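Right, one structure below, let's go through it.
Naming follows writing order (A, B, C, D and E), and every chain is counted from residue 1.
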Amino acid sequence: MTQERFRSVVEKRSQKSGLSPGTLVHIGEKKSEETKLSVLSYSRTEYDYKDVKGIEEIEIDESKVTWINIVGLHDTSLIEKIGKRFGLHPLLLEDIVNTSQRPKMEDYKDYLFIVMKMLHYFKEEDEVHSEQISIILGSNLIITFQEEEKDCFDNLRTRIRKKKGIVTQKKADYLTYSLMDAIVDDYFSILEEVGEDIEILEHEVINKPRDNTLQTLHELKREIIFLRRFIIPLRELARNFQNENTTLVGESTKLYFRDVYDHVTQILDTVEIYREMLSGILDLYLSLTNNKMNETMKVLTLISTIFIPLSFVVGVYGMNFKHMPELNWHLGYPLIWIIMITIATTFVTFFRRKGWV
Amino acid sequence: MTQERFRSVVEKRSQKSGLSPGTLVHIGEKKSEETKLSVLSYSRTEYDYKDVKGIEEIEIDESKVTWINIVGLHDTSLIEKIGKRFGLHPLLLEDIVNTSQRPKMEDYKDYLFIVMKMLHYFKEEDEVHSEQISIILGSNLIITFQEEEKDCFDNLRTRIRKKKGIVTQKKADYLTYSLMDAIVDDYFSILEEVGEDIEILEHEVINKPRDNTLQTLHELKREIIFLRRFIIPLRELARNFQNENTTLVGESTKLYFRDVYDHVTQILDTVEIYREMLSGILDLYLSLTNNKMNETMKVLTLISTIFIPLSFVVGVYGMNFKHMPELNWHLGYPLIWIIMITIATTFVTFFRRKGWV
Amino acid sequence: MTQERFRSVVEKRSQKSGLSPGTLVHIGEKKSEETKLSVLSYSRTEYDYKDVKGIEEIEIDESKVTWINIVGLHDTSLIEKIGKRFGLHPLLLEDIVNTSQRPKMEDYKDYLFIVMKMLHYFKEEDEVHSEQISIILGSNLIITFQEEEKDCFDNLRTRIRKKKGIVTQKKADYLTYSLMDAIVDDYFSILEEVGEDIEILEHEVINKPRDNTLQTLHELKREIIFLRRFIIPLRELARNFQNENTTLVGESTKLYFRDVYDHVTQILDTVEIYREMLSGILDLYLSLTNNKMNETMKVLTLISTIFIPLSFVVGVYGMNFKHMPELNWHLGYPLIWIIMITIATTFVTFFRRKGWV
Amino acid sequence: MTQERFRSVVEKRSQKSGLSPGTLVHIGEKKSEETKLSVLSYSRTEYDYKDVKGIEEIEIDESKVTWINIVGLHDTSLIEKIGKRFGLHPLLLEDIVNTSQRPKMEDYKDYLFIVMKMLHYFKEEDEVHSEQISIILGSNLIITFQEEEKDCFDNLRTRIRKKKGIVTQKKADYLTYSLMDAIVDDYFSILEEVGEDIEILEHEVINKPRDNTLQTLHELKREIIFLRRFIIPLRELARNFQNENTTLVGESTKLYFRDVYDHVTQILDTVEIYREMLSGILDLYLSLTNNKMNETMKVLTLISTIFIPLSFVVGVYGMNFKHMPELNWHLGYPLIWIIMITIATTFVTFFRRKGWV
Amino acid sequence: MTQERFRSVVEKRSQKSGLSPGTLVHIGEKKSEETKLSVLSYSRTEYDYKDVKGIEEIEIDESKVTWINIVGLHDTSLIEKIGKRFGLHPLLLEDIVNTSQRPKMEDYKDYLFIVMKMLHYFKEEDEVHSEQISIILGSNLIITFQEEEKDCFDNLRTRIRKKKGIVTQKKADYLTYSLMDAIVDDYFSILEEVGEDIEILEHEVINKPRDNTLQTLHELKREIIFLRRFIIPLRELARNFQNENTTLVGESTKLYFRDVYDHVTQILDTVEIYREMLSGILDLYLSLTNNKMNETMKVLTLISTIFIPLSFVVGVYGMNFKHMPELNWHLGYPLIWIIMITIATTFVTFFRRKGWV
């Protein structure tokens, strides 16, 4: 979620200029050393999981739901092979290896293609981990492509293995929903962190701004900008799913996608509220700073306007003219004190009345 | 309506990450100790009300309108039982116990599912009480789920008991409308409080800003942000009701839902006006503060530019040079006064003409 | 158009909370002491007008256009009687007596229901008079409900009596148009007043801002906010009229409603322009104030930076050290003058070059 | 394009209040003394032009395209006569004489009615000339109403006379297009002037703002506001033309109207860019002014914080206490100089390090 | 991408005023001296390329895809000849030679007409090169018009020649896609440059703003304004392509245009993010500057409020009154020091507590 991450992706993107469309070029950090393939298949009664070495080892049993997972995107030849085996469109393969995609859903008749961003917050490192995941939903088949092995699907895998929940009673469309649901659930934890930071910041601004308060505010604003960038297309994606006219998604599963849409809308609402709150906090910060400056100026004005005239008065009687009658008056000195106190009192009274000090 | 309330809800939300969709987890404060079930049924001529202990005791008489009310959402096993008994979708049950929902309406063919927020303003405590209410509208049956016993339906219950108004002549759809109408009516009282606070604030800003004026402004802004968050989806809900293509809502009752839509639109209009007013008041506050600072600066400048040069003059004749002819002039002292008065007068005149003071 | 008026309406609104929908409660100021009923009927050749005491006295001649006008909304029993006599929906009656309505049009099959706001500017009192008017358009029948007797339809009544214009050749739909046209025409005069105030304000800001300039600006902004609130739903109303699929409005009359829509759009355009102008004027005001403050600061800086060092110099030779060789130099005093003039000249030159003064 | 022009139009508008709809009242300046009628007719082979005195003299030859042009709108009886002769709707006639119209297109079945604003920039006077033109497009007939004789159609008339271009090979719909094209072309020249002014202004702000820079900025902003007001409805007009379902506009001519739409969109794009640029220039101006003020303040602070303490030091040794041992030290005077130089150097070093000066 | 480029185009645009529509006038800089024609044709097996002198030399083989490229737009007679030969609409020809077009796509039944902007970033010169390209897509035929010879299609030409990629297996619609893809790819490199500049700017603002930081910010803002101007219509263009109902674009090729749409959306997203970032950076800059000014003011206030009263005290005892008892006290001088130190300490303590310094 740092800007550096974002930038680097764009930079690599342009290295692709001039290449033939459909040429597979891995765009993004190489996050895992080797490519891993695993095949998970299940039905109401059966469960099978194995790591495979090559695409040739994969066997599809049409009666079960098969979930092929590929970890690591830099081995473009493997991805091309997968494309051939399952009849995937070249543009789709191109999108899989280009990790600068916007979240989107595309209907290729025989299969749906979904790109999403996994965002996972690691509390210990106070760091957000972002990863692109591509999902291909065929008939009774799901193929997923991840950048690295770490993902947010462990709970889901356990549920499938232990036949918990209804996922094993359903088809591949429900599995797709389960993946999306797991991804979206992780967004909430990030929002909570950001929300907490906003709260702390607000408290700081009202009570005692620190030197880097402004910078924290700026960084939170930027985080919100980047979060919105992922979430707005995600909502579009979730909406499209409900209206999608395909036999790949059962009517009863669409209710579940409506649920995902609800969650994403809630997330976007929260992001927008955070945005407005941050802009309100900036307004508050500036106004409070302004008020403090006013206070300071008033003090300066008060002191200056009282003592500068008095200094003039004492300066007058510090002059060395031969003929200055007042200097010889017996009560000259106490008189001058009375005059000066009168001047000072008058000024202060006058200023108070005007509300200047 | 405090931010703390809002935050805590989000926090618990993430505890659900990784669980199977459809798992019932109560998200939100536990606002009532025990769960209460009550059944109210009525027709044009009959009226019956009883508190029941368990779901088994409930008997449905199809010829009457039955309103089952459940207070307290933490007993998820009860809610699951209700779900089974009435054939409710698992996702719907999940939404009922998760009190961080956006207001929404969902059509599950056999029944409509409505989630709303009750907001009640307690004048004595100057506090807004927010509670989620879920309504299930079946054929001649309504099931409502509340967080706590306190609600805004007492008047409605009395009208049903006393057969006042037309509610007992109508079906369950009209009862749903009556519930929504009662909830929406309560929003007006909150708006009035906010509106009154804005008025007081505006008066304060124009006449005499206090130290915490800025903070009050900031808090009102935040309240508006949170209010909008509930009201915008509420308007969508009310609009959908009018266009809903279901036999559960009679054509003649739709006119009443149009009325609800009107009210919500009016509420949203008012919220938007409040928002613009607050932003106008902030502008005014900053400009007025700015003007006051200007005044102060002018005074400082006036005093400084008059007396600093004069102090220099008197300083000159306070020097101890042996050979300073002016010091020995007989009229040196009065002359220097004339010179100084001339300088001061010239400056003041010049500044006035320039509009600087 | 003052905020007080607006507020009081909202306050009364909440007194209705908890009442059965359809209960008639007069919300708003009681603007006329007694309720007045009048019946005006006309055809191409006939004209008849009479004030009636009660609803029973009204006779409807289907061959003529009948316009029943009710002034005063506090006698809810009379309004209920009218509702029964003409078969009006209870929600509609509720809306008539609640003067906090948004402008709207509703189709109740047998009749159309229109709510609008009359705004009349009284030049002498420099005051805007706002009144809610409800129009029911049935077949050859119009029923209007006003808050007080004063309205903007006198010219229209005269035209009907004198058979001027084409109104007497047309049906009730054209009469409805004539009423709306008269109301909308009055909005233009208010816009002119506001526009004139904006012009004066702009002139003031550019030439010589007065003490209350900021407040006037703020008040104009608020007036614009309140005007928009009436005009935006009014435009929606006028647009709906054109697309209304009802036999109550003839095809040829729709052209006239298109004309009303045009006028309202023009009014809204003007309001938006005023809004942008006011925001531009505020920008200008703040920038000009800022510039003036800059000027003041420059003067202060110029004077201070010239005389403070010089005062130091003269202070040095005001010291009373026994051994200060310069004091005994014969040309010490003129020399010090030369030094000081050099310092001052250098400073001024330097500052001018830097553009600081 | 001055605000005065705009205001005067609105003012007259309200004089119409209370009149019967369809009453012809000329709203706007009387820009030409007498009303002129001219008839131009042409076919592929023929060309005829004559000025006529009255409506009776006009003869229509159905086989030719006839263009009737009326200059001057104050003679409402003539316009009524034209309305009768050609069967024009009273509302349309009302719109023709009311020069405060928004640009619009209305379909009256037998003819289309178009209102536009001609804006012509006179380079010599640095002045924009605005005039309303109404076009009625019937079958093989065009009637145009202008406020004054000066227009932007001279080139078009010449092309018709000389049979240049394809206009004489086409029907009345193409002539309408030619008129609109000529009008829209003139908008570009105004945009260029405004654009040039913005460029000059930006240059001024960056290099050396003058006293009236702010005011120029404000005036340009206002000009943009007024331009948008004409162009936004114009784009709507042009879009409607393409989708218009009428036999009056041939399918092949619609391509030309698409071209007009393109131009208007381009104009609107430019206006929006100008708007954003102006707001950027204001930001820049304010920030630069702010920076300059900062510079000034730093100088003042530097000088004051160095010399005010030094003045205090010399003041100390200007005191006349009998017993001040330092005064009698032999090296007192040089020592005090060393102390003062040390103080000054320390201060300057410290400030530099802190980045304050 | 400089404003000058933009301006000059608009200026020439107005020189066209008054000319017959369809008159070819080259609007824009003359970027290439002579006009060049080249014809490239290919099928799965064949490849042919030749430069031709005139339009007469071009022979079309319907069985191959033919790509005619014209470089240089000032020879309008040539363009007219091409128009006649291929039956192109006069308005289309007009658009080709007018280089101030918005990107757009127009369907002329027999062919599609596409206008785009090539933007190429030259890293060495740190300069963006903008050029208008018009593409006519007929059946198995593409005609492209460029302003100068330099373009971004070299890689594409090589791929065709070497029969790399699938372009030679496809028809003219795929070639059109390849051209658009190449153009859009170049936008990414410009975005990267802008993004890098924004990063540097942000770093500068946070760490040490330079004198021209504000100006750089302003320039980047303007660049964003100009980029959006090209990209927003481009997205519209790409969207229209997908929904285009024409036999010229095959169903399978539409998937590729969807890909272009995706890229343009991604570009627009990035531009919007840059825009928000720039506005955030400006806020940050202003707030930081403001804070620094506050610091400076606090220092001034601190120094002044301590030393101005002390100077007054020493001034008092510099007066030359005959009768000033304190002057003769033996401990007068040390006493006055104690008093002054007490005053200074009190002030500093007081200010610290108030948080003013």
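To be clear about the criterion, a contact is a pair of C-beta atoms (placed from the backbone, for glycine too) under 8 Å apart; a residue touches a chain by one contact, two chains touch by 3 or more.
If you're wondering where the values come from, they're calculated on a predicted model, not measured in any experiment.
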| item | value |
| --- | --- |
| Other chains in touch with both subunit A and subunit B | none |
| Other chains in touch with both subunit D and subunit E | none |
| Shared interface numbering between subunit D and subunit C [over half = same, under half = different] | different |
| Rounded Å distance, subunit B centre to subunit D centre (Cα mean) | 41 |
| Averaged-CA centre spacing for the pair subunit C and subunit B, given as whole angstrom | 25 |
| Interface hub residues of subunit D, defined as touching at least two other chains | 290, 293, 297, 300, 304, 308, 311, 315, 318-320, 324 |
| Category of the chain touch graph - line, ring, star, complete, other | ring |
| Interface residues, subunit E side, partner subunit D - complex | 3, 7, 10-11, 13-14, 16-23, 89-91, 94-95, 100-102, 104, 106, 108, 214-215, 218, 221-222, 225-226, 229, 282, 285-286, 289-290, 292-293, 295-297, 299-300, 303-304, 307-308, 310-311, 314-315, 317-320, 324, 326-328, 330-333, 336 |
| Sites on subunit B touched by subunit C in the complex | 152, 154-156, 159, 164-167, 177-178, 181-182, 185-186, 188-189, 191-192, 195-196, 199, 206, 255-256, 258-259, 262, 265-266, 269-270, 273, 276-277, 280-281, 283-284, 287-288, 290-291, 293-294, 297-298, 300-301, 304-305, 308-309, 311-312, 315-316, 318-324, 351, 354-357 |
